[in-house]
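Quick one: structure below, then a few questions.
Letters A, B, C and D name the chains as they come in the text, with residue numbers starting at 1 for each one.
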Amino acid sequence: MVMDYFLVSLLNGVIYGLMLFMVSSGLTLIFGMMGVLNFAHASFYMIGAYIGYLCSLHLGFYAGLVIAPLVVGALGVFSERLLLRRVRPQGHTHELLLTFGLFFIFEEVIKVFFGNFAVPYQVPAGLDFAAFSVGSIEYPFYRLFIGVVALVMFVAILAVLQLTRLGIVVRAAVHRSDMVAALGHNVPTVFTALFGGGAALAGLAGAVAGAFFPTSPTMASDLGTLVFVVVVIGGLGSLSGAVVGALLIGVVTSFAVGLNVSLASLAASLGLGDTLTQMGGLFTVSLSSLAGTIPYLLMLLILLLRPSGLLGERS
Amino acid sequence: MRTLKSKVLALTALATFSIFSAAIQAAPLKIAGMVPLSGASAATGELYVQAMTYVVNRFNENGGWHGEPIKLEFYDTQESTGVASDRFQQAVAEGMNIIAQGGGSSVAASLSGDVRRWNRRHPDQQVLSFTMGGEAAGLTGENCHFHHFRFATTAAIRVQALMEAMSKTGALGEKVYAINQDYSWGHEMQEAILANADKYDYEVVGKSLHATNKLADFSPYALQSQRSGAQTVVTGNWSRDLLLLLKAIDQSGVDANLATVYLDQPGSIAAAGSAAEGSYIAQVFNAEAAKEKGAAYMEDFKKRIGTYPAGLGNNGVISMMMLTKALSSLPKQDSIDVNRIALALEKAQVDDWPTGTLTMRASDHQLLLPLVVSKVSKDARYKIDNTEYGFKPVQLLSAEQARVPADASCEMQRP
Amino acid sequence: MLTVNDLHAHYGKSHVLNGVRYQLKPGEIGTILGRNGSGRSTLCKSIIGLLPPTSGSVNLGGRELAGRAPHEVSRAGIGYVPEEREIFLNLSVDENMTIGRKKGIPGAPTWTPEELYDLFPRLRERRRVKAGSLSGGEQQMLTMFRTLLGNPLMILIDEPTEGLAPKIVGVVRDTVLEMKRRGIGVLLLEQKLSLALQIADHVAVMGHGEIVFEGSVEEFRANHEVRTRWLEVS
Amino acid sequence: MSRVMSSPVARYAWLAATLLLLVLLPLTDSATLINVATKCLIAGLFAMGFNLLWGQMGLLSFGHAAYLGIGTFATLHMMNAIDEGWGLPAPLLPVLAGALGVVVGALMGWFASRRTGIYFAMITLAVAELTHVIADKWQGFFGGEAGVRSIRTDWWLFGFQDATSVYYYCLVWSVLLVIALWALLRSPFGLLMYALRENEERVRFLGYRTHSIKVVGFAVSAGVSAVAGSLMAFMNESANASMFATLTSAEVVLNTVIGGSAVFLGPALGAAFNTLFGYYIGGLSHFWLLYQGLIFVLVIMYAPGGLGGLFSGATRQAREGRLAHHAPAYAVGALASLLIAVATITVVELVGTVMGSSYRVLRLTSGETWPPVSLWGIDWHPLGIGTFTFVLVLIGAGTVLLRWAMASHRQALDRIGSET
């Protein structure tokens, strides 16, 4: 019985982590290559979900899985070519602030068109069934579907990065973009492509995950800082770091929920008595209610102890 | 360009104002509707606009307050305490007499505090504070004051109603799991769930408090409730946290009834879809439960406003019905004295509310109102959000059945 | 032919190139010597577009390249081997070579990976290894090969023998001579006088952002004053 | 000669005029205006404190809400203590709150300044998230959702019961602190902070402990923010934990960027602009956040120096007698921007209204497929040719004019360049 729950918790955490990875992958590559932390990246995830929703109304759910990444990718290319590139000479801070502004605009534009509330983007009936049961727990097939899409995406990104010339150029440019340029590669265009590609990945993630989690204008801000946490923990610019960071956060959050432990109860079990319980306040807050905060604590620790992240290279 | 939306809505209201503006009289009663008209809660704000306009128009058409129409103005709080305070300053500067809040508890608490301080400083221009949406216990508890009235329920009221109806119909079971947001509202919900355990003979097999509107994945919570073997999961969650919880519970195949409070927020049923089916809710109003009277109210509202009243909008109707009832009991005055209105409100009794009698408890200024516990079902008469689902009544509780004792921490100083 | 004319460049507000003039023909080995801070590396970066010059001209076979982006300069036929052997440490030797590969302009000498590996077989043995684990000499050869795979008309090599074992210096020399044999113009930029004087066709010396001496190897050897004033430390 | 003489006079004339305007503002006797002006002062002071880190030292903090909030809650509790009979003088509250801010800021700054660039920003973000959680959980001190309420008590000869007195209270404190900041930036320590931004290594080689400089800068910045929070507490007399949200930290960044971080009073200007924008435009349109976002992005793209940069550029041109050369281009540019803005607003308002729920109701009840929408006193048919023509003509004309203005501005610059 306990084992069942352990396994399901683990699976939950892994799949949530994989979903985080889908959004973070583009972010970390873009940062690695151009040093831009794109605040609007999670917005691409949100827009992908809305486009997936629109497609599901008119063209069907699966069409959305194709169209959403294409449209969002085009939006990414547009943002990079027409906006980001123009402020690049003023430095990274200006690029970061620009994406910060885009983040606001994207959210408000979505509100203008779709209103403030969640839209009814649903899992298609063909995918809405239990994949298996562990004891009395049914495991929804769609969660596995999300996980599979993320894995396929991971494998595809890896294949492109490892096996194609474009991938090699991108990996090289992540570390020394000026040398790549001196060898005759048009780095700004590669960056535009990468930005578009990263946006498309986030768009696909949105189209897939939006049907499971509600599609609402706050999707971006809900995930916005969390994906930063993922890439910082993993190491800015490191794709495998993003996988590790995302899985770590997914699993830790999933298990923390089950732990009704607080500082006070810990102290009591260590024989320190009830003083902390009587003091109340922070000491009686249970770990499970802090589940959403743990990622930030992890990030803070990483930043202070190993700023290059778990898998990032020391700079 | 000023508040386009409410302009469209208030078309009918404007028409009636213009009839009366010919006969200008001194100092009409002015009500400031403090509701969110932009931002994440704008749709809720709109419900209050519709509801208040409905009652006030009807009252004005029937002659208003001694021939004087009530004026109703709306201010956008953006569901932020800072903005609400600004709008309060603006409203009192524009001579408003009643500050009627619709939306969340934090804005309600902030406005009630603003009114209390304003009245202390301006004894000659006092105003009343109506809470139509805040359900935090403190509003009629430690922070209660004579000029504040609550026309909404509290966690204690809602939970007791849910437990009463669900245990009567055998839906409750013996094991209950409480999942709530980790802030004062969620804490109050959890306390209420614990407090009712003996009375309705159930055991709280687990309780979780989670960060508010921060988590993206609720499946761990669904798993916890599954693990506990709970037969009913009770939650005070709203908006996104409610949707995520509903979906997680539905998709994990958790075999428990879900008891909720805010499932009738606009858009919730549409977004949750089939995941919401079978969930229970304690509602301020359900037309189907009130039979013909309910239908008549629904149709009259639709005739005047263009849509059926929904969810928290009914709190707006109730508050304005109570107010107009109280006004009608007062003799004609030269100037507006809110203390007399407040005293009249304490004694007001509304009998033509479709689900039963409404009265105001004088000791803490909490409205005593009937509640309906319903279940999301395809059989419901009135469908929600253009879906095939609606709220099918399970039990109608009279105001007497639904009341809970006044909070002992309320020490009201009366004039 | 590479012609640099009256080239000026700035780092922020400091004026680092002060009207440089220089010429190099195909199949010729030229060298520019100069101490650290003489403007040698900056000249390199200005020619290949990493540091856009503020004024002046860089001309390759009639095409004006000053101010163009690095990839355009590279595609026009100027190869660059940087001073600090900036290989991509996280990529394998083969992948490093792949990045350098490009068509080159018509008429430029062409190279294949296999014939390059023939020049330095050790690198072929280690082609699947991450470049980060290579020795300094191996890295230097990899940097040169990588650039040659782009089939350049001219190649700029910054500090080709810095810190290398004598044996490797020999390989570098042979490779440079092979480039000359195939008709590439080679510009060696050095701080010391080691390799350059053995193989260069002509010598220039830089100081304070200017060319302060130009002539044949013999003329340079004869000019004691230039050597003490602009080169030897003491 | 006269130019040289007039320049400092012109500079201080602006300041003096602004200050006079601020002092005389309560004469308008408009409670609303005084209320908004107080908010502008507080937001301005907060932005000035924030910009000490960013503008002076190049450290971008995404977590300044924490220090504002600490000042606010500390002050609320002190106000309650006064109400219960403690003998604290009200005018001293900001001093105590500021001191607390300095202490907390030094502590946090000690951690955060161990890293630079984006890592610094991420640490401040994480700290702010954690502070928010603590504020949410610690109901005893932060009061939960209902928050902490208090009331202003009079002190000695001063009464604080009306908006005007609160306004002057905030004005005096803001002006004092701005002067102090000005003095700090011109002190040797201020120059050191600036040098640190330009070249940290060089400062280190000169024998300074750069980490300590950053910690002190962070502490002062947090202290000023806490004073702003204290004034906010004094004005609102209540607060809840939601003020620790990321949005508060984001707002101060927006304010500073729009105002311009390189101009001393730029952040305050930006804060005033955004506060007024939110107050007045927020009351007019539900889509004001979108407009604010657009303005922000436009500023980043076309006026990286912010409003303050534009203003100081224009005054410099005026001082040097060059404004006349540029005036036509500026005028045409402003006209073009107005046309494009009107077109954009029309589109956003129409789309927003048509997509809204009340319009859906109107469509059902009116029997018309696309009933007209009223905007600026005109009825617009959402799918009408007239609407489309109006928008397209405005955008077309605006674009043509804007291009002309930019070209003409460039020419004027070139002309001046060739003259000198």
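Convention: a contact is a pair of C-beta atoms (placed from the backbone, for glycine too) under 8 Å apart; a residue touches a chain by one contact, two chains touch by 3 or more.
Everything numeric here is computed off the predicted structure, so don't read it as measured data.
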A-C or A-B - the one linked by more C-beta pairs in contact: A-B
Centroid comparison with chain C (C-alpha atoms), farthest chain: B
Where chain A and chain B are represented by their mean Cα positions, the distance between them in whole Å: 37
Where chain A and chain C are represented by their mean Cα positions, the distance between them in whole Å: 44
Centre-to-centre distance between chain D and chain C (centres being mean Cα positions), rounded to whole Å: 52
Chain B-chain C separation of Cα centroids, rounded to whole Å: 77
Two or more partner chains touched - positions in chain D: 133, 137, 139, 287, 289, 352, 356-357
For chain A, residues that touch 2 or more chains besides their own: 115, 289-290, 293
Those chain pairs that satisfy the touch definition: A-B, A-C, A-D, B-D
Residues on chain D engaged by chain A in the complex (per definition of touch): 60, 111, 114-115, 117-119, 122-123, 125-127, 129-130, 133-134, 137-141, 246, 250, 253-254, 257, 287, 289-290, 292-294, 296-297, 300-301, 304, 348, 351-352, 355-357
Complex contacts: residues of chain D adjacent to chain B: 30-32, 35-36, 39, 133, 136-137, 139, 144-147, 149, 151, 161-163, 236-240, 242-243, 278-279, 282-289, 349, 352-353, 356-359, 361-362, 364-365, 373-376
Complex interface listing, chain A residues touching chain C: 165, 168-169, 171-172, 175-176, 178-188, 313
Touching residues (chain side chain B, partner chain D) in the complex: 1-5, 7-9, 37-39, 42-43, 46, 75-76, 78, 80-83, 85-86, 89-90, 92-93, 104-106, 109-110, 113-114, 117, 120-121, 136, 138-139, 143, 182-185, 187, 211-212, 266, 306-307
Residues of chain C defined as touching chain A within the complex: 48-50, 69-71, 73-75, 80, 82, 86, 88-91, 95-96, 98-102, 146-147, 150
